[in-house]
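For reference, the structure is listed below as structure tokens.
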Amino acid sequence: MTESRNGTVKVGIIGATGYAGAELVRILQGHPAAEIKWYGSKSYIEKEYASVYRNFFRVVEDICKGDDLNELADQVDVIFTATPQGFLASVISEEILQKVKIVDLSADFRLKDVAVYEKWYGIEHKAPQFIKEAVYGLCEINREDIKGARLIANPGCYTTCSILTAYPLVKEGLIDEKSLIIDAKSGTSGAGRGAKLPNLFCEVNENIKAYGVAGHRHTPEIEEQLGYAAGKEVVLNFTPHLVPMNRGILVTAYANLKPDGMDGRKVCEAYEKYYGKEAFIRLLPQGECPETKWVEGSNFVDIGFVIDERTNRIIMMGALDNLVKGAAGQAVQNMNLLFGLPENTGLMMMPMFP
Amino acid sequence: MTESRNGTVKVGIIGATGYAGAELVRILQGHPAAEIKWYGSKSYIEKEYASVYRNFFRVVEDICKGDDLNELADQVDVIFTATPQGFLASVISEEILQKVKIVDLSADFRLKDVAVYEKWYGIEHKAPQFIKEAVYGLCEINREDIKGARLIANPGCYTTCSILTAYPLVKEGLIDEKSLIIDAKSGTSGAGRGAKLPNLFCEVNENIKAYGVAGHRHTPEIEEQLGYAAGKEVVLNFTPHLVPMNRGILVTAYANLKPDGMDGRKVCEAYEKYYGKEAFIRLLPQGECPETKWVEGSNFVDIGFVIDERTNRIIMMGALDNLVKGAAGQAVQNMNLLFGLPENTGLMMMPMFP
Amino acid sequence: MTESRNGTVKVGIIGATGYAGAELVRILQGHPAAEIKWYGSKSYIEKEYASVYRNFFRVVEDICKGDDLNELADQVDVIFTATPQGFLASVISEEILQKVKIVDLSADFRLKDVAVYEKWYGIEHKAPQFIKEAVYGLCEINREDIKGARLIANPGCYTTCSILTAYPLVKEGLIDEKSLIIDAKSGTSGAGRGAKLPNLFCEVNENIKAYGVAGHRHTPEIEEQLGYAAGKEVVLNFTPHLVPMNRGILVTAYANLKPDGMDGRKVCEAYEKYYGKEAFIRLLPQGECPETKWVEGSNFVDIGFVIDERTNRIIMMGALDNLVKGAAGQAVQNMNLLFGLPENTGLMMMPMFP
Amino acid sequence: MTESRNGTVKVGIIGATGYAGAELVRILQGHPAAEIKWYGSKSYIEKEYASVYRNFFRVVEDICKGDDLNELADQVDVIFTATPQGFLASVISEEILQKVKIVDLSADFRLKDVAVYEKWYGIEHKAPQFIKEAVYGLCEINREDIKGARLIANPGCYTTCSILTAYPLVKEGLIDEKSLIIDAKSGTSGAGRGAKLPNLFCEVNENIKAYGVAGHRHTPEIEEQLGYAAGKEVVLNFTPHLVPMNRGILVTAYANLKPDGMDGRKVCEAYEKYYGKEAFIRLLPQGECPETKWVEGSNFVDIGFVIDERTNRIIMMGALDNLVKGAAGQAVQNMNLLFGLPENTGLMMMPMFP
């Protein structure tokens, strides 16, 4: 466990002008023990940060800087990289890691198998030597490993929601992991702030579609992590959908129940066993369905389930805010663990409704 | 096949002030061989129809009438009942059916087994004697039976989309029907125009949720119809979700492929065999995903699929407009069949984009 | 008045892959006396038109062609140019105009004063010699002039709504034209299909803003046309706002009433005098407020007003669909006039609600 | 100035299950010096508060109580009444006011003239004896009076935005107050959580309309307050519009500039004079337009303006979150003043974007 050099954790953000970067800013502005020292950007260098995100007008006075990790490493305690795939792997070094902690919001160090990374992402991995030491930053599952790490691979938004929803039942062997089908629905901020035709208001509004069917890059990440829980290889279906809303991910996951799982009480107990004391996971009463609106703006994950006796299947449902628990909130949660702060420091934002 | 008494089909609508009723009005206003003679309503009797739906200002001059089927039966050739469950069953009679055709948009005559109806809908069926003769009005599948019928059970919106999406593969035995999981997403007009808290703008907007999990009333309807195709009982999972948009249903259906089904070409051929000549079903190239926006306002159903070789599953996707092909459009398609009109008469509305 | 060369009007569209162009396609597909012969595009040449707008899958089989007006002029009766400002002026010629009618949806020929055009649009006008002959295509006001024209300047969306809302009262001198303030609200399709950051879903959704305040290019167009009605120069405030919806323009216009205007009956009579027989203008009862949803997808303009006796002002309100009456629908209405067809041919689309 | 009885301000909320009440809960949950002791409701007595607002699941454990102010007055330091018009006036008493402070989010004590209240609200005022002592709780303007008050009339959402936007220019005499026209646009949460047809998702989505034109109840409140600033009677036009979004109010206000006002620098100085040190008012650079999204979820008001030299008018624009600065946030700001807390305590929520 590292302590901040002078009481307050000094933070640098690379990719501060993307949606996840801006959410880091929103959360860290309210964090009592952190201070942002560096707003790194590729497209807006020398511009006022608050001119890019006008919500921070008169709140953030800083100017955007570049993305030089070596320079930054001398000035802060932790670096958040909210950058495109491949960026961190192309610049990371032992020297940097000896100076600062890194919480990477990209996928560069999430997958342990380089070949799987290169296949699903279609790019060469430039720093495979750090893959082994990187800790997968799903706090509720890898808490102890995170505390002592130098490099955190912050999970993806779909992934966080999918894994947390199914984990206890996979771990306890209550469901047949080969039968897992994850149908996920996401708000549009997950697509980022790039000016692309499919993300225009008129293309997204009043519309719903699946995309990346049988080929979305979060699939192997979910499979790997649930594989650790199952103690064997997991291959599953993951289908993301684009929903006309800004924020929120809802996962509806289907699996065949093993004989033990057909008892709702045992399912409840499994969830309770792993999440009963978690600050950010809220287990809904059996039969109740989570809604993304109930967690919007917060770091909560709401989880519920229904057992269908007619088909012997369980329908597990999880909801989170893709920019908070699915990105920036979880990154700050990891930072809190890394620096010995109470895990929920600066993260008790209430969900905003309506 | 019946001919209209004087060239033009005279139409009565009961439940004309609900969303499906209003969509019947929109479509029939542009229908060259039909004329609405009766705008039936429960809540707005004696009020101008165009005061209830201001979009019809200066288009519809009529006054809302009541819901007396006996009186109406003497004045029109066909009655559309867009009414709550149980209404038609409580008033239908042999006398009425000898005078007019009925196209029922409610669920009263969709299920052949009264016990199943009473279990899922929780009400007593008041006219079981007409269940057998009622024809399930899914035109693409039951076209010939529809032509000679007196009573059409117009399919539900989720149902139409679910059945049409999976039918050819079930019929041809390319998928294991026991493995079917249907994850459906619907716009909010499917919930009707009732003033209920969960349907308020602020509750639906920026939100997505599942509802009726493992218990939605459209489940047995899908199972029954796919059971006919399979030649055996089908039990499946059906999970509806509420999406913040006005119109549109997207079905994402998962099934294990039988050995024969693993060949994309055979899947294509099966879809082509049943739908290749259909005016309203558009088969997308393999791998392409339908979007609800591409069918909005039209009677089209767009169907696509992806085969996941990693899991040996197929992901079938279907999209339609719940108020058109999922309700009023299909009802008019049935009317056209009943009265010997070209099936697409008055139904070639182009999808509206954006 | 021109007749089509062989009964059906042959149509070419330049800019068919923008939103207004696509709306022309939607409307003309249902037009009984027109046939699209040329889908012109700049970015999608040689691509299937239906691959750009998937709503036309299996409806339009054509391939996108280029934007060579000279080539096109030999093949069609009328050309619609839904192109950026300056395009038509840079290619139009006497030779072309001797062959075909042109309905221009851009602003190139809307303003009679070249200097005003060049000031507000910031570009040089390349064909000022055709400005005088161009007829401003606001059918309800310039109907007779349109019939014999070769070149129609189709009004802008904000402009159509603003002018039609205020015209009768300006013309009849019931309001003080110097006091006119027009506060307009538009759906996002008015911003076009360009992939620009401010038009991304997440930037528009859950947001409203004014833009182009005191400098929007539609201002001089409104002023010029209302100036003709007033018989003197009109200078007014026009403030557009971006609303999170796909379609629709609502204009709320404020003006001081002259003594005569304070009588609601006289105001009604003025509206009735100019619009009483119009097919596409629906005058709401005094005190009723139009809603954009009531006209969506149709060529209607709904107009209402309220007199505020406390301030001696009138609040005039108009609503239309910016892609229909505000662009493509009006263009087709002009085409109908040009070719001697009944003015509402192919334009009786019912508004879609919800 | 009152101090809390034991260091923490004990709070009671009447109307805690409306949207404004729920926003009070969201804000006060993060307030370091306040504690909610009473969740009062009319419809949900004895129900868990978190079952009514599921976003508070596992955050709020309390049960809803009734609306007995006398009982409540013995238990708390301050009561927020987020109740329908007329409620507080019907139950308030000297006895209650001697025990607790009251911050009233309804309109009961906003207007000083009973006759005006009774005319615009259409109900008899039951407690006119307290009108005089009530302080209009617009903190930026009445700060000193608020500190010593017993009864605060918390301003309405439209009102706060309208007044703050125009106040400095009216006060400094830079605009002709008789020419003021306020065109306001609001998100739908302003309409409350009542289950009414016009507030259904399908009626609001993809729609915009004006309502209450020339007769909205916030009009006299704006007039009265701006009248104090002007030192004479102000009569103006106020037109609210319903926008398809959850939160946010945008005011676009038009006024004729007096000769002095035509100088942008003087306008800037006037705004700076009154708001330069305000924590919650952010003055945008001249020419920049505020957007509701930039203040969502926060207590900020963003204000900008444009001078139109062509018409000698100024267009002033203000944006706020109707549930925060327009209701609950301002109420807490008032509470902070009443109890001698730093005014921004618990109110530094960052705006959420996107």
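Annotations
To keep things simple, chains are lettered A, B, C and D as they appear, and every chain counts its residues starting from 1.
Everything that follows uses one rule, which is that a contact is a pair of C-beta atoms (placed from the backbone, for glycine too) under 8 Å apart; a residue touches a chain by one contact, two chains touch by 3 or more.
What you see is a predicted model; the values in this text were computed from it and never measured.
Under the contact definition, chain A and chain D share the contacting chains B, C. At the far end from chain C, in terms of centres built from Cα atoms, lies A.
Contact count check for C-D and A-C (C-beta pairs in contact): higher for C-D.
Centroids of chain A and chain C (each the mean of its C-alpha atoms) stand 46 Å apart. We define each chain's centre as the mean of its Cα atoms; on that basis chain B and chain C are separated by 37 Å.
Each chain gets one centre point, the mean of its Cα atoms, and the points for chain C and chain D are 39 Å apart. For chain B, the set of residues that touch two or more other chains comprises 19, 189, 202-203, 205-206, 244-247, 291, 293, 296, 354.
Of all the residues in chain B, the ones that touch chain A in their complex are 181, 183, 185, 187, 202-203, 205-211, 213-214, 235-237, 239, 241, 243-248, 250, 252, 254, 289-293, 296, 306-308, 310-311, 313, 315, 317, 319, 354. Here chain D touches chain A in the complex through residues 19, 22, 26, 29-30, 53-59, 189, 206, 246-247, 282, 284, 291, 293-298, 302, 348-354, going by the rule given at the top.
Note for the complex: chain D touches chain B at residues 19, 188-189, 193, 195-197, 199-206, 244-246.
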